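Each of the next two complexes has subunit A plus one other chain: subunit B in the first, subunit C in the second.
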Partner chain A sequence: MDRLMKRILPTSVAVGTGLLVLLGYLLPVPPLPSVRDELIRWAVIVAAFAFILGFFNLLRVHSGRARKPGGIYSVILILTALTSLALTLAALLIPSLRFIGDWWFRSVLSPLQATVAGLVAFVLAVAAFRLLRHRREAGVLVFMVAALIVLLGTLPLPTPAGNWLVSLRTWWINVPAMAGMRGLLIGVGLGALLVGLRVLIGSDRPYSD
Partner chain B sequence: MIYCPKCGTANRQGSKFCNECGTPLPATGLRCPMCGAMNPAGNLYCDRCNARLIPAEKTPPEEEKPERPSPPKGISLPSVPLGEEGWLSELRAEAEALDLLPEEEIPEWLAELEAPAAPPTPEAQPPEAAIPEWLAELEETVPEAPSPAEKTAPPLAGIPAPPSGEVPEWLRNIEFAPPIQEEPSAQPPPIAAVDVHAGAPPAVSTTVPPILIEEEDEGLLVTAPGEIPDWLKEAPEEAPPDFGGLVPAEIPEWLRALQPREEETVEEEPVETEGFLTGLRGLLSIGKGLDMPATAQPSLPRAPSPAAVARAELLQGLLSRPMITPPTAEAREALRQSGWIAARFLVGIILLAAILLPMLVRLSLFGPPTSTAAETLFATVNQLSENTPVLIAWEYGPAESDEMDRVAGPLMEHLLRQKARLIIVSTRLEGPAAAEALLTSRLADPSEWPRRIANLGYLPGQAAGVREALGSLDGRTEISTGQPASQAEAMAGVHSVADVGMVVVLAAQPDDLKTWLEQISVARPDVPVVAGVSARTELISTPYLTAGQLKGMVAGLTGGAVYERQLDTGRGREYEYYLTSLGAAQLAIAALTIIGALIFLVGGRKR
Partner chain C sequence: MTADMIGLMVGTLLTLLVLSYILGDNPLYRLALHLLVGATVGYGVAVTTVTVLQTVLPSLQSDSPDRVRVLIPILLGILLLFKGFPRWSAWGNFSTALLVGVGAAVAVSGTLMGTIIPQTAAVGSLNDWLRGGSAGLINGLIGMIGTVGALLAFAFAAPRQPTLQRLWKGSVGVGGQIGRLFLLAAFGAAFGLALTASLTVLVGRVYAVVMGIQQIITATGMGGG
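Our next item is the complex of A and B:
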């Protein structure tokens, strides 16, 4: 019974659902498209429900951490999450209170996230400074040269050297970088196809332990 | 065997008391001074440790010369002169013993021997009857005027005197000659032989009558008696000195040199006072040299040299400095960390200065930006007719809004200018709020919002949500007004992606752009798709743009500036400042990259 509930039943549902959606795309004959769309809609509902579960799980985990040393950050996270939830629900229930939610977004969330994102530039600058500190391999040198070309080529320098750098950057992005990116995309596509097939045949069961 | 001095009983060797009467028996053995073991009386060396038992001495044993005890000179020192045979030592000892005997104990034969040492008086002549017959007969054959030496020449010691009638012919021809002084280096002279078998006491005689021997080329020639050689005739006829029957020259120098010297004063050496060596002398003679007091070292010169003074001052200076302890591993790590903190702080300062300085002083470092993709997108949007529904995937949040608002802003304003209807969806939670914040600032007349904009909010489920939204937009809620999407004015006639004239993907992350492009290409490949992306997503979106899946693209701040310039919204100056700060920051990062590379190339990598 345990094996049936933990392995056989989830695998059967996953393989059956996947095959139905795939057949809905491959054989667009009624009722396969309708079944396909309905199953996708179920997936969206399940994802939304999972999102709600994730929210409460976040509160539970940080409630435990709030009692430990350094738990002040967990307390702040819990208060912020509950405040955002309360303001959003209030805006839905009482449209006149929507400005509070807008203020919360523009004055709290946006500056905080922008500040954190702005640190990326500083981290990248430090990383660029110590790029050759640990390794001096050919790949690192090529990466450094490419980064310099893109950095300087993006700037509209009003000099012949600037125009030459822009041309070099354009060539770099359109030829070597695009070749690498296409290869990467093809690899990602083949990998997704393989993972899908493994899930369909029950070889991979990410939905069960 | 040990005989009891009281009862005469024979006891076993080593016994301490008499078996018969119990009288203590004298110790007959010799006790080794080194190991204390008892040795038989005849031993010269210890049976146990091979140490010498009887000290080497030139005097007879103690019982014979009690007046001259000789202390042991050390156990292992050689006591017999090199080259001296044992029999010679015994011979010498016996000779000395004879010299010390009292006159009344001198045997008769020795007294007769010493008689010639006295002045040659007729009274001292031995009686005629004492002369053996064979000697008497021999004397008869001697010439009439013999030399005194010939008269005192005794018979050959050790050789039994043959009867006169048995004297061989060769002996009769021998002429007794006076003793000849020989050089010490010459062949040792004949020494009197001791006839141990004759029963007579051994006599020491060095006056063996030599036989005249002439050395010729053919060999030895024995001169017959009466035939005195010429050299002997020429010799002065002087009477040889009388040494009492002994000729001093008969003891050669080499033998005399081996004799112990009585004149040498034996230095008293320390006596062992404790231990089993108590009473022995001279055991540690080498200690005499070791015990010598050390000689005084020569004193240093009183006036040191200038170089020595300089060295002393240098040493004093070094010693007077405070002690410098080497840094520990923790201290070195702390120093390294502090160095890196300083480096990060310096990088941050440089970056902040590069960003803020152009904005504060209104610098214009760069020329006008260019972007062909943005210009193409501008032309595509220009072709949209009025009220064309446009599906906008708002895939960025407040974290990326600083850049993406400069990308999406002119594009949204252009769409609103074209009087398109904007249907906004997002797979990110912050997307709808970010869209509302931007559109509020770009929409000239807020009253037109319901007719132009429909914010359908969040699409859960990622790719499934996109696919579901592309399949059906009905059943959703317009979050600005709270009414169903089907009732929104901007959603009139729009039920799915098939009803829109264009799809705009505003993506800050590459994955969001890929998701939308993949789902749209499956659901409605005929719907034109354009994108406004961040500079980070530009690289991955370029293949889609080249392949034609994207009809146009605005990438980064540069693309937004180009689009803004095309649209001419009056915000060109703002974009110029942003671009100048961005360019300065990029220059600073490029310079830091080069400087850091030079530092670590020259200074070495981290150990």
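Our next item is the complex of A and C:
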């Protein structure tokens, strides 16, 4: 019974639904596409429940940490999460309270997210500096030359040097950088294909605990 | 004091808290990060819940066969919540299996039709390259060598037979070395583009802080004028 619940039935569900969806994409013959769309719709609804489960798990983990040293951050996180949830739900469900959600988004979420995104510039600059200090080899030189070409090509420099740099930047991004990125993308794609196929034939079972 | 002014103050303060990271990891930055995680998660859960409710509720209220079709994923979703309780977590395996199965199928078809086939086709053929003259031919060749080389850079297995091993090192090994240079060229370009984009955002935030402080001073009359 335990084996049936933990292994056989979940594997049948995963393989069955996965093959139906894959067939829906590869053989667009009725009724396969509509079955595919329906299963994807189900997965989207279940994924929403997974998001809610993740939210409660976050609250549980941080309520456990709240009693430990440095737990004040966890308390703040829980309070912010609940406030954000309540304000956004109120704004989305009650039209007259929409301004509260807008205020929260404009004054709290947007500045925090934009500033953290901006901080990436600082982190990247520090990382480049450390890379130059600790690893002096040919590969690092190619990396830095590529970064410099892209950065200098972005600057509004006067002609003719400015035009030449812009052309060099465009060529670099479209030819050698694109070639490397394309190889990487195809490699990642092949890896994802292999992992997906292993799940679809039931060889990998990440859902059985 | 208006809600807009309070919002401006809060936004400016939060920006300064995050920017305090420039001085090193500190409690103010950690506070801002926890605020960010909490606010983002709460917002995300609220938006997801309302979106799903708006999709599901009309079908549930109607008498159409849609009702049964919506009840199945809701039931699976409720079963998934059992994952939160170790004793009952096996009941959630069906929902996870559906997510993994459908996800794997979408990933397989997506990578095949959205990445592998289009990206391989984008390398182009000799005819495509010759259409661009000698420059097109050179660029096409560089593109092909770079793409194949980058793929070979991830070939870590090698044959056991000594003769084949030498042949492998001479072909795949050298191809991989060239590919590594193309990968570094790509990473360098991605680094430069990411730096440019994040610098633009950072300048925007710093400008917003300066303008915010100016407006707060003007509104509260702290300027002494």
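Following the convention adopted for this analysis, the second predicted complex is superposed on the first by the 206 of 209 C-alpha atoms of A that agree within 3 Å, B and C clash if a C-alpha of one lies under 4 Å from a C-alpha of the other, contacts with A are read in each partner's own complex, and residues count from 1 in each chain.
Here, contacts are C-beta pairs under 8 Å (C-beta built on N, C-alpha and C of every residue); 3 or more make two chains touch, one makes a residue touch a chain.
No experiment lies behind these values; they were computed from the predicted model shown.
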Discussion item. Just to be sure I read the superposition right, which of the two partners does A:Leu193 touch: subunit B = first, subunit C = second, or both, or neither?
Written reply: second
Discussion item. By the touch definition at the top of the document, which applies to A:Leu27: first (subunit B), second (subunit C), both, or neither?
Written reply: neither
Worksheet item: Regarding the shared-chain residue A:Arg41, is it in contact with subunit B (first), subunit C (second), both, or neither?
Response: both
Discussion item. I want to verify the contact counts: of subunit B and subunit C, which reaches more residues of subunit A?
Written reply: C
Practice prompt. Would you check which partner chain A:Met181 touches, where first means subunit B only, second means subunit C only, and both and neither mean what they say?
Written response: both
Discussion item. For A:Leu82 in the superposed arrangement: first (subunit B), second (subunit C), both or neither?
Written reply: second
Worksheet item: A:Ile94 contacts which: subunit B (first), subunit C (second), both, neither?
Response: neither
Worksheet item: Given the touch rule stated above, what does A:Ile8 touch, subunit B (first), subunit C (second), both, or neither?
Response: neither
Practice prompt. Using the superposition on chain A described above, determine whether A:Ile201 touches subunit B (first), subunit C (second), both, or neither.
Written response: neither
Worksheet item: Given the touch rule stated above, what does A:Val116 touch, subunit B (first), subunit C (second), both, or neither?
Response: both
Response to the item:
Overlap of the subunit B and subunit C interfaces on subunit A comprises residues 25, 40-41, 43-44, 46-48, 51, 92, 105-106, 109-114, 116-118, 121-122, 124-125, 128, 144, 147-148, 151, 154, 173-174, 177-178, 181-182, 185
Discussion item. If we count contacts the way the header does, which residues on subunit C are in touch with subunit A in the complex?
Written reply: 3, 6-8, 10-12, 14-15, 18-19, 21-22, 30-52, 55-56, 69-70, 72-74, 76-78, 80-81, 83-84, 89-91, 93-109, 111-113, 115-116, 119-120, 122-123, 139, 142-151, 153-154, 179-196, 198-199, 201-206, 208
Response to the item:
Per the touch rule above, subunit B residues touching subunit A in the complex are 343-344, 347-348, 350-351, 366-370, 397-402, 430, 433-434, 436-437, 459-462, 464-465, 467-468, 471-472, 482, 514, 522, 535, 538-540, 542-543, 546, 556, 558, 579, 583, 585-590, 592-597, 600-601, 605-606
Fill in: Interface residues, subunit A side, partner subunit C - complex
2, 5-6, 9-11, 13-22, 25-26, 38-53, 55-58, 60, 73-74, 76-89, 92-93, 99, 103-122, 124-125, 128, 139, 142-151, 154, 171-190, 192-193, 195-197, 199-200, 206-209
Worksheet entry | subunit B contact footprint on subunit A (complex, rising order) | 25, 37, 40-41, 43-44, 46-48, 51, 92, 95, 102, 105-106, 109-114, 116-118, 121-122, 124-126, 128-136, 144, 147-148, 151-152, 154-158, 162, 166, 173-174, 177-178, 181-182, 185
